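What follows are several structures.
In the two complexes that follow, subunit A is the common piece, with subunit B as its partner first and subunit C second.
After this line comes the complex of A and B, so read on.
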């Protein structure tokens, strides 16, 4: 079981729990604003962009090659950017904080 | 004000569902009723021929939105109901269960259905499936498990047929793909990419036969024999038919909406009737970037048109001007397409490895589209280059030693 906190563009903090699947699915299933996951989680659409809290980068790890390239579609990409459909939910990421990147 | 108004949406797939939520977000205060004849909570379709088939995934893991979200946004999901007809004068739709529903604004997100070709015996034979919805895949999975020989014939070498072939192969089936044209993916891509996918399937043990026009399916109990015009026969336990779609446009044509390769909409996604909009696979619409009218079968088009329709209905004039994109996953190969390559007059292949390359399509030196194989960087840069109408040095582009960011003509 992992607890994950999302910070939406309004600054609202939403903490959700999950034990399997990926972080995008968890966000969509809990109605987290700004995480769309249009492609269903296959790293094709870049609509689940989050910024990982600096202290949590070790737990989450960096983006893979395809993911890092897809992130370049986003104007506001940073060193802490991930597409959260590519982050597996497991105890290893318990307690992480993710800021939703979508601006509109 | 939309307070006492009702927006009815026919079709609850990518287009309809995204529209309903977008409409609420745009500030629609009235009722939103989402109708679909599929009884399942609306789900993602692309995984059906891939992960859903191959991993026996649960549809619960592939929902577009959880049920609670519909409740939260006060969207009425009316599933398992078929719309019989639209009465545009009285702004009412009739459902096949005899009930009716009033609307102020109607959105047609009716999509398309799998085409079943007129092959002799196809309706009589058992274990013949198309692949368009979750129930189709559940039928294929059950028939597959019950079959002893695991011999599968896929009719049609388009994306659906090939993705299905790859998924069933991974499950251990003996798969043969029969393509009517001289190459697979003939209608949608270049010979170069067709050849790549043909080799990919061959390397994975899928048999592809081209120039095969299927004329008959003979059945004997649970066993089928697929017969081609040239006399060749293929024994099969299970036949999957993936030969394209037919647009669900009858509700629209019955009331005289303009039809032309789909339901005609303007750049605001409005049909020829003021209070009726249409979005997604069923629409024939103008694409500004390519100055062409098209009908697209894609998640991108459904989702983006949904947002445009919602904005316009809520009084925010918005034009649909999106750059189309697509993807297909087969085995470990990821194909990403940006743009529309139709009418290209030249192409450049950028080879960055046996399993990593991209095809760049041009017309009069203008970049139209990119097909990227395991190459998200080319897909992303192609997207940017098309959007900015960048001028590209084709020689540099073809040279994989030149960084993709350095191929522009200044």
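After this line comes the complex of A and C, so read on.
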């Protein structure tokens, strides 16, 4: 079981739990605002962009090549950007904090 | 003579002729040009278009709305073939760029996300099941007009939240609302749609309901009520953007499953595959081949000078087959996990109707695998687009099949 905390645009903290699937799906299932996951997790839509807390980067790891190509073109991309549909939920990421990147 | 020898060799080796299983294949006409130079040239009504073919260039240009403009002065110019001569109404938010685009998009976005709601999906499910039961009871079905158009039109009543009966009018228009039989753009035909929308807007002003027209008629952007012309712009986009595209996506998918009945069984066994399967069919069939932009300043793409005020197009269909990103791009891989296709465009102007289209396609597939065992193709006529340098099959003009129940 992994606990994951999302910080939404309003600064609200939402902690959710899961043990399988990907982080985007977990966020959508729990109605985390700003994570849309339109494409269902195939890395096509970039509507699940998050910033990983600096201290958690080691746990989460860096984006793969295809994901990095997507992120590169996002307006507010940073060194801590990930598309969370590409992060697997597992014990290994227990306790991480993700800030929703969506801005409008 | 050569043909006979080739045929003989095929038969003698018991290798099936290619024709036996390729009605659902959509070969990529762009592969060579994409690898060699990265672009193609098309002369559209004496207003040439440079077609960008590589995923990276397509995505970069789609993001750079300042250089690759959608909201230029000449309404209809970014569409290929150009609609400059048949349309004066600006499609919104499609033909507006930021910052105005953002306000319009934020206004309509929540409405177009309704397909994520359970109640919305239940209504789609009902629509799809009625049509599936109907086609399963018949000997022959022409998929484009009797299946895809019917589902697309009825599902559109859910998106617009208009009475179901309106779909009968839309189905009555046939598949060629914007084109005459020879596929050229046809102003008279387009006017049928524009006049219909005018009437519906007047109706919504007089007797507002919970439909999209009424919502728009009463909406404000930056403290100002939308004008009738702006409401019309959103409605034209909704009708035009979601018609041929959805019809192509459904029809091509039916052709695919007709030639791959084992995939129906596989998805029935593993319904969690539905999402990747639909995304892959959307990638492979790319229902909209490309979309144009007007270049605002002299620039370069693929080492080619592109002059200010000229046109380029972003070729989603080619980008989706870019071997630099996609392994086995010419194969339909139903469980493709990472699939950064651009069938719904990319960036600022990505498809507003994508949520609806995805929900509808997922529901068609999930209901179909419960009821349909196999589909026999009886006759077909391809719909091939002519882009000068490239000829691309985008779907079918007609596809006659028999649906077989489980």
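FYI, the second predicted complex is superposed on the first by the 104 of 104 C-alpha atoms of A that agree within 3 Å, B and C clash if a C-alpha of one lies under 4 Å from a C-alpha of the other, contacts with A are read in each partner's own complex, and residues count from 1 in each chain.
Please note the rule applied: a residue touches a chain if its C-beta (ideal position, glycine included) is under 8 Å from a C-beta of that chain, and two chains touch if they have at least 3 such contacts.
Just so we're clear, the structure is a prediction, and the values are computed from it rather than from any experiment.
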| item | value |
| --- | --- |
| Contacts of A:12 with subunit B and subunit C, given as first, second, both or neither | neither |
| Touched partner set for A:54, first subunit B, second subunit C, both or neither | neither |
| Subunit B versus subunit C as contact partner of A:29, first or second or both or neither | first |
| First, second, both or neither for A:42, with subunit B first and subunit C second | both |
| Contacts of A:66 with subunit B and subunit C, given as first, second, both or neither | both |
| On subunit A, the residue positions that both subunit B and subunit C contact, one per complex | 36, 38-40, 42-45, 66-67, 69-70, 73 |
| List of subunit B residues in touch with subunit A within their complex | 14, 18, 44, 46-47, 61-63, 65-66, 68-69, 72, 299-300, 303, 327, 329, 334, 336, 374, 376-377, 379-381, 383 |
| Contacting residues of subunit A [partner subunit B, same complex] | 21, 25, 28-31, 36, 38-40, 42-45, 65-67, 69-70, 72-73 |
| Subunit C - residues contacting subunit A, complex | 56, 59-60, 63, 102, 106, 113, 275-276, 278-279, 325, 336-342, 344, 346-347, 350, 354-355, 358 |
| Footprint of subunit C on subunit A - complex, ascending | 36, 38-45, 64, 66-67, 69-70, 73, 86, 104 |
